[in-house]
Amino acid sequence: MPADLTSHFLLIRCPDERGLIHSITGVLFGHGLNIVRNDEFVERQDNYFFMRTEFAGEFESETLLQELRAALPAAAEIRLADNRRKNIVLLVTKEHHCLSELLVRHAFGELNAHIMAVISNYEVLGDLTRQFGVPFHCISHEGKTREAHETEISALLDQYQPEFVVLAKYMRILSAEFVAPYANRLVNIHHSFLPAFVGASPYAQAYERGVKIIGATAHFVNEQLDQGPIIGQSIIPIDHTHSASEMAQAGRDVEKIVLARALRLIFTERVFVHRNKTIIFD
Amino acid sequence: MPADLTSHFLLIRCPDERGLIHSITGVLFGHGLNIVRNDEFVERQDNYFFMRTEFAGEFESETLLQELRAALPAAAEIRLADNRRKNIVLLVTKEHHCLSELLVRHAFGELNAHIMAVISNYEVLGDLTRQFGVPFHCISHEGKTREAHETEISALLDQYQPEFVVLAKYMRILSAEFVAPYANRLVNIHHSFLPAFVGASPYAQAYERGVKIIGATAHFVNEQLDQGPIIGQSIIPIDHTHSASEMAQAGRDVEKIVLARALRLIFTERVFVHRNKTIIFD
Amino acid sequence: MPADLTSHFLLIRCPDERGLIHSITGVLFGHGLNIVRNDEFVERQDNYFFMRTEFAGEFESETLLQELRAALPAAAEIRLADNRRKNIVLLVTKEHHCLSELLVRHAFGELNAHIMAVISNYEVLGDLTRQFGVPFHCISHEGKTREAHETEISALLDQYQPEFVVLAKYMRILSAEFVAPYANRLVNIHHSFLPAFVGASPYAQAYERGVKIIGATAHFVNEQLDQGPIIGQSIIPIDHTHSASEMAQAGRDVEKIVLARALRLIFTERVFVHRNKTIIFD
Amino acid sequence: MPADLTSHFLLIRCPDERGLIHSITGVLFGHGLNIVRNDEFVERQDNYFFMRTEFAGEFESETLLQELRAALPAAAEIRLADNRRKNIVLLVTKEHHCLSELLVRHAFGELNAHIMAVISNYEVLGDLTRQFGVPFHCISHEGKTREAHETEISALLDQYQPEFVVLAKYMRILSAEFVAPYANRLVNIHHSFLPAFVGASPYAQAYERGVKIIGATAHFVNEQLDQGPIIGQSIIPIDHTHSASEMAQAGRDVEKIVLARALRLIFTERVFVHRNKTIIFD
């Protein structure tokens, strides 16, 4: 049956040992389930096993999980998931391109997610957001400490309880305290090809260095600025005729597509995070 | 253990049914074998299953094959392979770039193949070939019918019994009769992005059409010119300043790399051919 | 001064002869004008000269043109242009991605054009269009001959008098009669890497051929389907896991960016058309 | 006439002012010379003008230069060049791929340069070099201070007096003293996408960071490691299945092509260096 009608995913990570694939597929087979697509990988540095199985059929979740736990090592992490749209909140600042890309995809059912709200430290993108029928909250940073500002945002996020928070060109640095509860659930788009040009003004930095390629990187955010696990990157060639602002113009196309693709990968359960890197079954 | 020390591959193709992965991995597990890397795919158009398993351990081939046949449907095709270098013969005409790419990789042990000989319809590339210690045979086409010329080449190939024949910018059209014994064993590099610009002078055609991208395609050769299963393609952007010969210059870099990568995929048992297309586990 | 503040462009095409650059720059210098950026090219096949000059300063158009005509061969075509936004009309069918890309850029002043209206043969994209404050006209094709349908569209276009008509995934074939008045003013985005997969269902064709790369092409429309001068192309790699519909999904990102970039090139006077090809000063 | 038959280039750099193109083209026109191709650019940060003119015709160099100097500001740097092959020396260590790429192109007249010699700190690449008829010098670094080793190499280079020195995967760090006499004449290929992963083991660094793209950068060497003006860069996508050594394998194809292309640009007089960046008229 077509993969896009599959509604179930089994995601397993486990210290590697002989017989894992056999055990897991045995449990699925025993439940009368049909594997639509299977991908697995063993990370050789520390012999860690990862498997993503798209499957179809009828089953009772708890029973299936119990049998899998019984068949696998105690250290195995086993998760069932489905095609259900993820609840997400977007954080933005002033630039529209990543936000509009996501709002449009969302409006046409192409995002695999439900945008519960958009939070911004400016009002600038309010009209665009409301135009698409999405709640918009402006929480200005002006006159507040970083801590106070983040506390307000966190409070609002706590009300929404998003599964993922997406920084869609949100331009303020987030503290380790803010980030800590969102391990592997906070996605950022950085406007450079990491690890080149971390931090502020990457296009100005790129212009100064005289690179012939610029890029964008989607990554999970950890406590260290621009150091989290990379999900996807893409580039575009440039030349001496590009000023820093023309680089930024060219780069925006890359940023929004890289972010949208990274979100698709995450929301369709294709991404594992391990040792500050991602394993992606695309 | 590192994938590059694995010496065994199991390659299976089979009409899909429930339980295949479980059965196959069960046989391997039963033999005490360790899976280093596993890739599988089901072609949904006709529900055909493909699996490539890199594994390590001690085993007796015939026993393992018998058990696999017993565990799988009768229509399953099962093949064991290893890291052994493939015996190949190259066919060339006058251009050096693909030939030199392969001769250099071969000289440094990077080709996963043993070049038994180079056959050409001109003497031009003889010195280069002999310089690398590879036998060179010039079989001119002049004054001969296509049939007569091909008969001479086939006779020589029959002496060498290559597992693969590589057309490394061999510029003469091969007849269906010549091609027929080499199904999925005859590789060509075509200097365009197929299916654009089939046949002769693709760069001149590209120049006339005013494309902004040119490319190269490595494919298995079947009886129809440039219609065989595509293994790999790559492109390079061009612009109005490129004459047809400048396009050809830029294209040569792409051609040799595309051919070399395609051969690596084939020689490391990563390529299945199905319905005139390739399934590639890279 | 920064190129983005330049308000004037001089666009010249002319049979090549010695001294053209000297003559043209002499006229500009004589008028006290400052060249911000200059690009020129001679098409060698028929020795045709093309030049694009961004310049700044005060001048009287008719005087400047007269002096240029006097300084250049009689066959020279000389045009003055500026940063003024072009008036355009979009034609669409049901897919939203190219339309939304342009509507968003338009809303944020990034399109270098004024979208006067959107015409569609379905109502589907009406809400999206009106949401962005752009007039939407649904002219259904159902129950009408192609000629009658096109006559209605032409009548509406005649009211708007657009400088450019953009087919943003407009899926009906346009007759030679419809196209004829819009030479080099009618832009289409074709969802393949031309000349591969012309006509209908290019993704289905690409799926059947088993290509490893898909692409999109922006081109001016002439009387022959998909044969007009190519403005820009881009590609994305794919593999055996992509169904035809998944190829289409991946391809849509490419289509909208290719179209947007092509329009930017056209609207900033960077494109010359010659012998069914484009010369682009980017 | 075809650009490839042009034998003369005029390369000018100059503080920008009105009328430069007019003056320069006026001098050429006055000498009865025909411009085959012209490219110019003004660097806006400090208003610096660059022009590269390919021209044909008969002329006396000193007369032409005098007239150009008279027509241009005193600060103008004016240089005449032609298609003559540049004399170069290569420095290598143990890896063959960049060296073999250049030796092969050289053997077939595609390098626009004459390789006078290859110098290495190991004997490993001696056979390959001599096989192509190029003198090979092994100057080991073992048991010597860096200074002493470099002194030996410099002495040998002084005998050859190369116009350019190419570090074709020469893996020892060169001191500021060694580099100083070779401003804009010493080219390196760095196996990363600069400024990412400077210094040693960029593939190991890339593996640790979990990037999804690796690349290579050709640049002129200045006194700061990996900080010199970038000439060209290219990339290749990778994924979680690549070990550091597999990244290196994939990267080698990119390195050799990036280096070869950068050298073609330099040897055909297409590269200006300004403010630690390059202006490239390709």
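Each chain gets a letter, A, B, C and D, in the order it is written, and its residues are counted from 1.
Just so we're on the same page, a residue touches a chain if its C-beta (ideal position, glycine included) is under 8 Å from a C-beta of that chain, and two chains touch if they have at least 3 such contacts.
Small disclaimer: the values here were computed from a predicted structure and weren't measured.
By mean C-alpha position, what chain is farthest away from chain A?
D
What is the Cα-based rotation angle between copies chain B and chain D, on a 0 to 180° scale and rounded to a multiple of 5?
Between chain B and chain D, the superposition angle is 180 degrees.
For the pairs A-B and B-C, output the one whose chains share more C-beta pairs in contact.
B-C
With chain centres defined as C-alpha means, what is the inter-centre distance between chain A and chain B in Å?
Once rounded, the distance between the two centres reads 37 Å.
From the C-alpha centre of chain B to that of chain C, how far is it in Å?
The computed centroid separation for chain B versus chain C comes out at 40 Å.
Any chance you could list the residues of chain D touching two or more other chains?
Within chain D, the residues that touch at least two other chains are 2-3, 37, 41, 44, 241, 243.
With touch defined as at the start, can you tell me which chain C residues reach chain B in the complex?
41, 43-44, 193-197, 209-213, 215, 229-235, 239-241, 243, 275-280
For the complex, which residues does chain A have touching chain B?
The touching residues are 1-3, 18-19, 21-22, 25-26, 28-29, 32, 34-42, 44, 237.
Flag every residue of chain B that touches chain D in the complex, lowest number first.
Spelled out, the residues of chain B in touch with chain D are 2-4, 37, 96-97, 100, 104, 107-108, 128, 131-132, 241, 243, 245, 253, 257, 260-261, 282.
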